[in-house]
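Input: one structure, supplied below.
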Amino acid sequence: MAVTLAVPAGVLAAAKAAWDDAADGLDGGWRRLVKASSAGFSSTVVAAVEAFQTTWGDELKRRATEAQDNSEAFVEVGGVYQFTDAASAERARALLGWIHHDVPIEVR
Amino acid sequence: MGAIVLPGLVDGVPALESSAARAATFANNLRAVTVQVKDVQAWAERNGVPDGWQGDAREAADHGTTRFARRVDVSEAALERAVVAADRFEDRLVRLGTRRTALVERRSTLNDDITTLRAEIDGNEAVEASVAAWERRAAVLRGRAADLVDDIAAWVADAAEADDDFVRALRQVDEVGEGERAAQDPGRPDSEGLGAGFDRRAGDPVALAAWWRTLSRAQRQALLTERPHAVGNANGIPVRDRDEANRAALYSDIDRLTRKEADGELTDEERSALANAEVIRTELNARLEQVDPMTGEHLVHVVVYKPGEFGGDGGVAISFGDPDRAEHVSVNVPGLTSEVTSLPGNLGRTEALHDAALGRTSDTVATVFWLDYDAPSGNPLTSIEGITDFGSVVGPWSADAGGERFSQFIDGLRASDEGAPAHLTAIGHSYGSTTVGHALQDGLPVDDAILLGSPGVPEHTAAALTGAEVWVGAKDRDPVSLIGAEDGPGTLGTDPAQESFGATRFETGDGSPRIQDALDNHTSYFTGTSLDNLGAIVVDQDDHVVHDEGRERWSEEGHYPTLPEWLVEGAVRGAGEPIVEGVREWGEDVVDSLVRGFGPGRFVG
Amino acid sequence: MRWMSAAVVLGVALGMAGCGGDPDAERAEVDETEQAALAAVDEVVHDVADATRLEFHSGDHDFVICGESYAPRGVIHRVSLHFGPPDTSVERAVEQAAEALATDGWEVGHPGNPAIVEGVRGSNTLRFHFGGAATEVSIRSSCVETSDDVANEYADRANVDIDWK
């Protein structure tokens, strides 16, 4: 049994790449944020800056991981995108653009 | 007779604990992060449930891309707040730095006056008249001391308050829940509306500058992190804001393109853009700690950042000092082979000019290097491609197009200028002088124009070219400067060093007579006497400029070698040196062909 | 065609630039200039920093070509030092720096900006620029003429941090 979405393979490939890009973008963001130097600030300012960096560095890292997981929801085998079951296909569909929100799930 | 009460010497003004330059660097990093987060959020939002959708709410809520967009928006909102707070903090530190300068000067003067009076009292006999005078002076000093102590205390309190306010602003968004509330804040800037407002005015520097002034700090920061490339390169936007936008674009571009490079996904265009961005970053990093001693703010500003422009050559403009607030501004346009990768040498020369100009005056000075046109590039001797590109050197087309872009840039500087209009000088070197010439011909609004090593400008006289004062630096042994002279090829216009042109020629030296030094002669205007003269012109000290005679072909005094003459003489003088034989023979052949090609006339053999 | 002539003329000049010279002798001259500047950092700049109680923040030095990328002509050595503000007025700091420079054998100049004092010794120009927020110090050499290869060799070197002892 093969489960897939009734859209051209290019749509799924583009979605996978876009989620991958999003993960990369957020990954770069959290890395730059946590590396931003707080040298040259007074000690009270340093503490506040570091608290901000920690919270939002962690949060961006979580979002980067989420985006990477979303990219990996699109599994391509031999040029064909397939899903293990209807639930995973449904999840992947929710990760496409809204324009595709009601494309049928096909079970072959 | 009562005792004379002198105030004690006033203690020093403490240094600021937080530095404006470091605050700026931190803010720049925050902006770069914000740009990357906004890019991702905008992509997710574009692909999410559209605004006003009326269907099944549960289906919309379950849409993964939409949910993701909302989550990322929380980080974006927190970052927006932090960027605004850091930007405000930096401004306050700059103002505090300026105030500190004034306090230090007052303290020094006061302590000197106290010391002087004490010495006077100690060293002189107390008679009634002098005691009364001393007491009056002591009373004034006591008043000044009390005022100064109060002012220093107020300054210390303001410095602490600046720190506290920044800390408070960060703490308001240092938890994810607070970010969620920030994302829902109805007062959050409307980036879309701001973008539309920007687009309506882009291309009209005066309108854009006027509109920008009406925006709040939060609105400006929201827009420049939403559209960093557009805002950073928009003529009319204040230079400090352009700098912030361009640095955000630069750092986020490097982060993004470096990742793509690691993944093996870079296109050729992106590879050029990344290389250019890295060159710019290296130059900025080398000057990261350079500050204006008066204010403590960064000295260097990125005014144009276009790493992928002009077929990969890239476009860039970098300023030493802030042109919007400087009393004297110069903009230096390079010529042959200029592209972003040649930035280090070009910036070195611009910096030398800045130092020369600033050294002469206590006025404020800004010195800009501008390369936002398709300057002819490539060494023609190394490749066919280079020769092809080099062919454009000798036509005025790039200069014409470049002149138009340069005019727009100068219009932008005029529009964002603060206070009284700056004394503005346009400088063009080599082909850059032709570019400046075309801009002048179109009414470039500058006070002075300097043409260095010019191969020609598109009018026969300075008066026909511009209403600005025209200055010319031309070494008689700079072959490029002879191209526009009588008997020169003259494809780019008239040699402005000629007497008949009517510009003021200043002293630069003649250059080495050997042909192998020809290009050294062409590339050494930003040094020695020539540099001194440039500095004087830029800060409007015309009386300090050392003049040279204009070129006059047929008079004995003003005689100069024509290009063919110079090439022949230079080849002869250089022949004793270890020139590669083949190159020398080739040079002689070229001279022969040139001489034949210029006939009929005195050079026909 | 006349434009062809112009291209060729410039081409000749390009082809002939940057020839000749003994690379080792050129390097020795560049190194000597660099060492003289670094010695000044250890000597007179320290003297001035002590006299005006400057707090050192950072500093580095590097080389840049004198001319254009197609005709480097030689290199300029640059030292850039960043300090906090002086513990005195700008005027007094300038006086103290001028005194220290003169004592150390530099030819002192006041180029016109009252916050700036310069000293010249050999091919190096040392500049102090004082302000209430910071102090900028630079040492810049005049162009040390070299072959293109040697110029590029030095210009390609990365900036080196100053070790402030």
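Think of it as A, B and C in the order they're written, each chain with its own count starting at 1.
As a convention for this text, contacts are C-beta pairs under 8 Å (C-beta built on N, C-alpha and C of every residue); 3 or more make two chains touch, one makes a residue touch a chain.
Bear in mind that the values here come from a model prediction, so they are computed numbers and not experimental data.
Asker: Which chain's centre, taken as the mean of its Cα atoms, is farthest from the centre of subunit C?
Answerer: Checked the centroid distances; the maximum from subunit C is A.
Asker: Going by the contact definition above, tell me which chain pair has the most C-beta pairs touching.
Answerer: Ranked by C-beta contact count, first place goes to B-C.
Asker: Just how far, in Å, is the C-alpha centre of subunit C from the one of subunit B?
Answerer: Chain centroid spacing, subunit B to subunit C, equals 21 Å.
Asker: Could you work out how far the Cα centre of subunit A sits from that of subunit B, in whole Å?
Answerer: Whole-Å distance between the two chain centres: 39.
Asker: For subunit A and subunit C, what's the span in angstrom between their mean Cα positions?
Answerer: So the centroids are 50 Å from each other.
Asker: Among the residues of subunit B, which are close enough to touch at least two other chains?
Answerer: none
Asker: Enumerate the contact residues on subunit A facing subunit B in the complex.
Answerer: Against subunit B, subunit A makes touches at 18, 21-22, 24-33, 35-45, 47-49, 51-52, 55-56, 59-60, 63, 66-67, 70, 91, 94-99, 101.
Asker: In the complex, go through subunit B and note every residue touching subunit C.
Answerer: 12, 15-16, 20, 97-98, 100-105, 107-109, 286-287, 289-296, 334, 336-338, 341-342, 344-345, 348, 352, 355, 358-362, 379-381, 390-391, 393-395, 455, 479-480, 483, 489-492, 515-520, 522-524, 527, 563, 567, 574, 577-580, 583-584, 586-587, 590-591, 593-594, 597-598
Asker: Which residues of subunit B touch subunit A in the complex?
Answerer: Those residues of subunit B that touch subunit A are 17-19, 21-23, 25-26, 29-30, 32-33, 36-37, 39-40, 43-44, 46-50, 53, 59, 62-66, 68, 71-72, 74-75, 78-79, 82, 163-164, 166-167, 170-171, 173-176, 179, 251-252, 255-256, 259-260, 263.
Asker: Write out the stretch or stretches of subunit C touching subunit B in their complex.
Answerer: Those residues of subunit C that touch subunit B are 2-17, 19-20, 55, 57-58, 60, 62, 64-73, 76, 78, 80, 82, 84-85, 87-92, 111-116, 118, 127, 129-136, 138, 140, 142-143, 155, 159.
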